[in-house]
Amino acid sequence: MKKVVTELKIKVPFYDLDPMNIVWHGNYVKYLEEARCDFFSKLGYDYMQMYADGVMYPIAKMDFKFIRSAKFGDDLTVRCTLNELEPAIIIKYDIVNDAGEKILSAHTMQMAVSTKSGETLFVAPEVLKNAVENFGE
Amino acid sequence: MKKVVTELKIKVPFYDLDPMNIVWHGNYVKYLEEARCDFFSKLGYDYMQMYADGVMYPIAKMDFKFIRSAKFGDDLTVRCTLNELEPAIIIKYDIVNDAGEKILSAHTMQMAVSTKSGETLFVAPEVLKNAVENFGE
Amino acid sequence: MKKVVTELKIKVPFYDLDPMNIVWHGNYVKYLEEARCDFFSKLGYDYMQMYADGVMYPIAKMDFKFIRSAKFGDDLTVRCTLNELEPAIIIKYDIVNDAGEKILSAHTMQMAVSTKSGETLFVAPEVLKNAVENFGE
Amino acid sequence: MKKVVTELKIKVPFYDLDPMNIVWHGNYVKYLEEARCDFFSKLGYDYMQMYADGVMYPIAKMDFKFIRSAKFGDDLTVRCTLNELEPAIIIKYDIVNDAGEKILSAHTMQMAVSTKSGETLFVAPEVLKNAVENFGE
């Protein structure tokens, strides 16, 4: 499978901070989602296209390892790496701060589900496989 | 118009706190929504019923006056008072802490909108007017 | 008083949407805060500086008028206009979508509060007044 | 180690829903935190006590497995089970709906950290060990 890596910059907003003056751990789920939307958009296969194709990709699993904290105004980079495409989409995330220090690593697993039948699809749609093959070309 | 007043208790969760160790001001919008859902539920006219009737009540305006701050674990009481029913639903909110001190006052204005035509309705649905008339009986 | 106007672009993320597939109204409080931080930063008087000066600017009042809804991926522009500086900072916000249509207008009122004494200051700090006078030069 | 199991009821609020009309996956991090605060409170060792003891328990890892979706108004039960106490606190979470169906399972791992030295403590504080031993008595 082709190597697919994308990066998104996120600046930490004030409203994501907790009483320790650092990003509340649950807010990283939002950063992952923003980076994942950006990942699919750069693949040329965004959520609108998925909708049109009758396929949803709900999150079936996710895990996080928190390494350092992030503060107000930090410029974070969220790197997405496609680990697996079938039977489920597994994306690995690494977040680093502007000093290049790793903030966290995480994974999400998404299953392809038909919006019509509600059935889980264990084979990735052709349009997604093609998008991966043509990435960066 | 009949006097309609309801109260909902909300315990401040940790994730609503900001770096000053108090509830971030934007989180009160959630507390108002919880109290408003409870208000309509106690009226016997909840969101499921609204959906079934083909009417939505989006927020058209809201205003807040912040008086005191709230801390982790505070037991807040959100009091809803129906101020107007037509042409728009205006609810007044008062939030007090367990010492009886006022935390904030606020208002929301909701317009009734037909889910079919998308048109704004300036007359409240009969079912809502009846619910108000029968409140507490 | 000098005219101070700033603009910030915000792209609507998926996690801000509600069941109507539009931005949940409470999330606009976040957009205002991001724009306000950007406003103070462009003034050259950001939150870090405020902290160092021993002055906080909590929100005392806010009001919103919702005009149109915003959808996933919309490129919103939040325009901040300084309306008053003393005795309180009043900022007016206008959010427009990429078609130039107005999404909402809003205001916040912030009081200057000494972090040492906890007292409200009815005269704006000199550093803030100077920042306003020197804006854009 | 003594078996420590607690349960907290959470009613799904409207503002936690996403465009699919189900709870957005990131919001479950909040439900876990509420249940975890309740867990420590029922142990007789709450966050205020931790602060006073000079120990924090930041989340070092978390993982989620999503099984079913939850809807507006669902009465969820979050069950916390203490899996390990040393060298890290591992809590298992199971969320079931009012039909008794499992919504998700999850784990958090928390390290004890000294608020003074910033060092990680690999031995649980005595007060916590005692709280576990005395649970339910």
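Residue numbering begins at 1 within each chain, and the chains themselves are lettered A, B, C and D in the order written.
As a working rule, contacts are C-beta pairs under 8 Å (C-beta built on N, C-alpha and C of every residue); 3 or more make two chains touch, one makes a residue touch a chain.
Source: prediction; values computed, not measured.
Undergrad: Please flag the chain sitting at the greatest distance from chain C, going by CA centroids.
TA: D
Undergrad: Indicate the whole-number Å distance between the mean C-alpha point of chain A and the mean C-alpha point of chain C.
TA: Those two chain centres are 29 Å apart.
Undergrad: Return the distance between the CA-based centres of chain A and chain D, expressed in whole Å.
TA: Their C-alpha centroids are separated by 25 Å.
Undergrad: How many angstrom between the C-alpha centroids of chain B and chain A?
TA: Measuring from centre to centre gives 35 Å for this pair.
Undergrad: Please list all residues of chain A that touch 2 or more other chains.
TA: 14-15, 20, 26, 29-30, 33, 72
Undergrad: Does the chain-touch network form a line, ring, star, complete graph or other?
TA: complete
Undergrad: Okay, in this complex, where on chain D does chain C touch?
TA: 14-15, 17-21, 24, 26, 72
Undergrad: In the complex formed with chain A, which residues of chain D make contact?
TA: 20, 25-26, 29-30, 33, 56, 58-66
Undergrad: Quick one: in the complex, what on chain C touches chain A?
TA: So the residues of chain C in touch with chain A come to 13-15, 29-30, 33-34, 37, 47-48, 72-73.
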